[in-house]
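Both complexes below contain chain A, partnered by chain B and then by chain C.
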Partner chain A sequence: MSVMDAVRAHLTAPINRESAEQVMGTGLPHAKTESWRYSARALGDLDFTPPHFEGDAPSWPAAACDVLVAGEQLTCLPSTGVSVSAATIGGELPAGEAQSFARLMLADGTPCVRLRIERATTPLRLSLHSPHSGYHALRLLIDVAPGVNVHLIEDLHGGHPAGIVNRWVDLRIAAGASVQWLRWQRHAARSVQRTDVALSTEARLSYTAVECDARFARHDLNVRLEGQGANAMIDGLVVVNGRQHHDTQLALRHSVLGAHSRTRWRMIASDRARSVFSGLIHVAPGADCSEAHLKTANLLLSPHAEIDTKPELVIEADEVVCSHGATVGQLDDKALFYLRSRGVSEPEARRMLTVAFGGDVLSSVSDVAVRETMAAVVAAKVAQ
Partner chain B sequence: MSELLESHTSGNAHVDELVRKGYEHGFVTDIETEVLPPGLNEGVIRAISARKQEPAWLTDWRLSAYRHWLTMAPPEWARLEIAPIDFQAISYFAAPKKNLPKSLDEVDPKLLETFDKLGVPLHERARLAGVAVDAVFDSVSVGTTFKKELNAAGVIFCSFSEAVREHPELIQKYLGSVVPAGDNYFAALNSAVFSDGSFVFVPKGVRCPMELSTYFRINARDTGQFERTLIVVEDAGHVSYLEGCTAPMRDENQLHAAVVELVALEDAQIKYSTVQNWYPGDEDGKGGIYNFVTKRGDCRGARSKISWTQVETGSAITWKYPSCVLRGDDSVGEFYSVALTNHRQQADTGTKMIHLGARTKSKIISKGISAGRGQNTYRGLVKVEKSAVGARNFTQCDSLLIGKRCGAHTFPYIEVKQPSAIVEHEATTSKISDDQLFYCLSRGIDEENAVSMIVDGFCKQVFKELPMEFAVEAKKLLEVSLEGAIG
Partner chain C sequence: MLEIENLHVSVAGKAILKGLSLAIRPGEVHAIMGPNGAGKSTLGHVLAGREGYDVTQGSVRYLGEDLLSLAPEERAAKGVFLAFQYPVEIPGVNNTYFLRTALNAQRKARGENELDAMQFLKLTREKLKVLSISDELLHRAVNEGFSGGEKKRNEIFQMAVLEPRLAILDETDSGLDIDALKTVAEGVNRLRSPERGFLVITHYQRLLDYIVPDVVHVLADGRIVESGDKSLALTLEEHGYAWIKERKPGAAA
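Entry: the complex of A and B
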């Protein structure tokens, strides 16, 4: 079943079928859609069971609240400091194929769940699970109250290999609040995901993503620094093999004075996998004294794999310090030689160096147990 | 420190004056010109071709390019705001009205005066400078110096029209082999209506005894310039080619759509340097040249090398991506660029390095300077195909912001399919450092000179790649365009 077929099947009885069909009338993204240039073909071309690696369940830190989202169902385990309500999300999205999945949600009236976090002393776990084949949509809005520090763990797991997940999460971080967001993508379903984060004055975001599974995953991560002194730290590690296709489109938008951002993104691709990362830093007029740095380093481990990366800078303000860097290469021969001269076999030496390459990103995971579980998963994946 | 800076910047009338300084190449030469009426259709293309007494195959080639162009839409992906261009309002052929001169002595003295004003070393100066010049005035090449010396070495350097007459087999073999007629919107337009340009052929084993140079000038009103340059260097040959451009000040926008094709065979080396100083329009963005150029080099042979160096200070709009197709094993591509946008100029420029051969290397150094309301974009592609075992790329893009209303943007595309390749890209954007400026001021250097020194230092990596006389001109151009933009 193609993505289009699955969406059509879902549209047999949507809330607002007419407008949804109108949206789909503009079509899915195609190779000429700039932000989909590397992924449009893969999206339209998915029809076999992807390699699926579930891995060990990590020993998550004791959670005050588990939000379980399975398909369109959401359950929230009782907790203090978190309120759950239904919300209506409207709003206009720019026209064009690039936004067709998000606009599909608006048009067909995907129910939106709103979490308001007033207080959080222990981590909050978002467990996103999509058990069915076919299309399903997840729409979540998270509000973090002023001054609250919250540790958010998003666990995308399970998933039907023939499923198509359309996920859209909004995170609004109020003044002085701080969010530490750990995102683990280990589900099998194909997914088109979108995350919009807005940071108010002095708000902080520390985001770490580890992505290993799914035959096809596309994620648009939009971070808006809207308050003075806002700070965003983005880390990502993508490990793909087989015929996996992962594409992350990060946009960091500085719109006020003196916000800071720092991004580290690492990708490891082997077999026939393709990994894509586009990282835009946009400093809007008036966002003087912004500082933004982005670095993406990538390992290409097979002659049939491909890495495409596009770090972008759009600077329209003064007194700005911005930089980006990108590298694509393979393991360092000298380091390999050193390990082999110490009696380490070549496959083992390669595995060690590859895991160490990802270690930079994993080091930003504060919880030791979680970090170690993730490192083990990455190591197992690398050894495949 | 900031107070000190303010006191320096606010009262700097001299610097302001420099910023407002006009475009010194903005004069119009009053000579009789033969112009085709505005408009574009197959008849116009046949007329251009007939006037140039071209063979039938070339007329057909032009017509097929035109038919293809009709099916294309102007590119919209560049970060440029371009008012719609009325291609029917442009005259596609303008020539100084006299029979084509047979030697420099027959060239209209007024024309020579123009080149004199421009500082083109065409006559005696050419000898002193040791530079062979082909000057293209509106649509026609008006004179090529040093022909004898070049002939003795076996180098062909002549106008494109002459090459079509004298060396049709070479033109037929190589024309469109790097930039096909339908490559992109502006290349297709150029292929249909190109009027003249330069042709260089360096035979096997020859090192061109002097630097070759072309000067382009748009003089007539409502005309576009569509020149075509083709440089072919055979095995182990070597050539260094310089290109300069100016235009008079006019209120309306004028179109320049050129194509440059370079072919480097085994062990051949081509160095192509440009100082582009087309009229940039006035402070409010009125007038100026629309500069849409397709430049591409093909390193066909093993160990060949193509090096692009450009200093882009002029034009209202610059749309230009000199590229290298690194086909031969161990071939090398280089791109050095300084692009300056002041007032309301817009530049979207960069390069493409396509690695196909084994152990191919490329290096990209791009320096963008934005002042006033200028918008400066670097757009580049580094593509490493599966066959490019051991390929290597290094890219560095730095942007300097001067003022609050300008923009500096970087869009590098990196696509790697070969695991043994190493690709590195780094980019920075910053303003002129207060510390650097303060240091210079505290040493008694006035602000004007301090900024000039800092910008010069910023661009040094590129300037050192330019032939000396061009480096001097480029430095002077930047000083005129930039100094005092701070504050």
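Entry: the complex of A and C
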């Protein structure tokens, strides 16, 4: 059975009762779990029944995940420089209720699809969608070979109101390799996601996330700078409205000499939406001469919206250059008046200023067409 | 075209304008001079519709209409333009995009055809050329990182593109070197026409060497204490604002 078949078979099989109970027994995250304090309640009740498919069982790719190169499904393209295999990732079960979703995946034996990228390809598109109710688990390991440059476009879309997605992606960037990761989260349902990135010597990561439309989205983003001269640039733009809830927990770990990171995270919340961001930079002992900067700027567009943001620095090394900062504010009255005094209507002026606020992050999207589409989506959301 | 009658304005409970009256007819250039804190900028902001100013008494009619009941964007569409003393930096909003949006919003409100990108580009090129402003300004975000002089030039450029009926210049001369001052004055003088009025707010007489006013008013303590022709500006320059107090005993009371 190919790994894809295994994924499909597992997806439609009932969850291992024992593992679900084990997780339930250890406990789901609750309000006293520090990293879940703002999100545990919003997670709501969970239903671990398998996805309910109307009609026949799904054929790949309708199940959960397409991997596309140049618009064609990866399984049909043996010559792309990307190989697909099954992987087992060993190690201990992650402890603590904060990690219960990862533990559930391991206990339940969710098959892990391994993509190994051997040479530069056209953009690799990961299209994750889950249009059905029930529990969807996705486990992916991406290995980028030394010296390879790759564009990764992750598109999370669809989503059933009664669905829950448990996604866990590992990305290992080998020495001298470089990954541009554009992540577009527009999945309308609930998801609990985890991403672990490890960078080797002189490896580079440029990560841009545009997050919107999720009823509930929780993402633990762990980036480990493990090789000298590794470089990570993290950009995020979160736009939430209605009663949407979004939570990103970023942990950047510098564990060797002379690695660099730069994070810009922007959130815009309106109506009764809530957006949470925690950004931890940990410079471990021995990671001397590290440079790490983190800045989060946020815009509250409604008195009932809420933004919780926490930058955090833990420095255990010498000769480091680190900075962090956080702001939360509203649209600038002076700028609004300036635009209106030139004839721009108030709603249009608000829209212009809000889109401009996210412009910094969007400008890091290199593909013009994608950037403009995203800007239009943000503009439309703001106008709602 | 503009009739201000006995205007009283307060900000956060503090009276700033205390019975200001003024009338501008089409084609006229009026200058308002006055010491710091006299209420000059308040007047400009109230006319443009800035929030936070309470009109406690008096009226402002513009082209026969109650100006104070209109939103800032409605005033703009009807031809009111304020050149800001401190133009606002708006990172992330492209100057060209902003100005085209503004012009088309005004045109739409007036029932005129909107300009497409090509027509707008042609218009801006013409205006830039006459004002000898570099088109590099167009590609940047609104006023972001502009020098003081560039910001003021950008205000005049916007004025040239939007072609208002009533232009209010709020200390556009402050912080300008002599070349920039001439550019600004040139921009204003080119727009002077029989149907257009100007209200030039300034602290110094210098600007009025280049923009010759029809009427000069002296604003002190929230009202106009003296009006005259352009020679009034020269007299003020010579004697300073203390002279006003001497001439109008009790005016500051």
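Note that in this section the second predicted complex is superposed on the first by the 328 of 384 C-alpha atoms of A that agree within 3 Å, B and C clash if a C-alpha of one lies under 4 Å from a C-alpha of the other, contacts with A are read in each partner's own complex, and residues count from 1 in each chain.
Here, a residue touches a chain if its C-beta (ideal position, glycine included) is under 8 Å from a C-beta of that chain, and two chains touch if they have at least 3 such contacts.
Worth saying up front: this structure is predicted, and the values here are computed from it rather than measured.
Undergrad: Once both complexes are superposed via chain A, do chain B and chain C end up clashing or fitting?
TA: fit
Undergrad: After the superposition on A, what does A:M352 contact: first (chain B), second (chain C), both or neither?
TA: In the superposition, A:M352 touches chain C alone.
Undergrad: Thinking of the overlay built on chain A, is A:E316 touched by chain B (first), by chain C (second), by both, or by neither?
TA: Only chain B is touched by A:E316; chain C is not.
Undergrad: Pick one for A:L339: touches chain B only (first), chain C only (second), both, or neither.
TA: In the superposed model, A:L339 contacts chain C only, not chain B.
Undergrad: Can A:D360 be said to touch chain B (first), chain C (second), both, or neither?
TA: Touch partner of A:D360: chain C, not chain B.
Undergrad: By residue count, is chain A touched more by chain B or by chain C?
TA: The larger set of chain A residues in touch belongs to B.
Undergrad: First (chain B), second (chain C), both or neither: which does A:I307 touch?
TA: It touches chain B, and chain C stays clear.
Undergrad: Report, in whole Å, the shortest distance between any C-alpha atom of chain B and any C-alpha atom of chain C after the two complexes are superposed.
TA: Once the two complexes are overlaid, chain B and chain C approach no closer than 14 Å between C-alpha atoms.
Undergrad: Intersection of chain A residues contacting chain B with those contacting chain C?
TA: none
Undergrad: Flag every residue of chain A that touches chain B in the complex, lowest number first.
TA: Per the stated touch rule, the residues are 34, 285, 288, 298, 300-303, 305-330.
Undergrad: In the complex of these two chains, what residues of chain B are touching chain A?
TA: Where chain B meets chain A, its residues are 77, 384, 386, 399, 401, 403-431.
Undergrad: Residue numbers of chain C touching chain A in their complex, please.
TA: Spelled out, the residues of chain C in touch with chain A are 48-51, 71-73, 75-77, 81-82, 84, 87-88, 90-93, 98-99, 101-103, 105-106, 109, 141-142, 158, 162.
Undergrad: Mind pulling up the chain A residues that touch chain C in the complex?
TA: Residues 332-335, 337-346, 348, 352-353, 355-357, 359-360.
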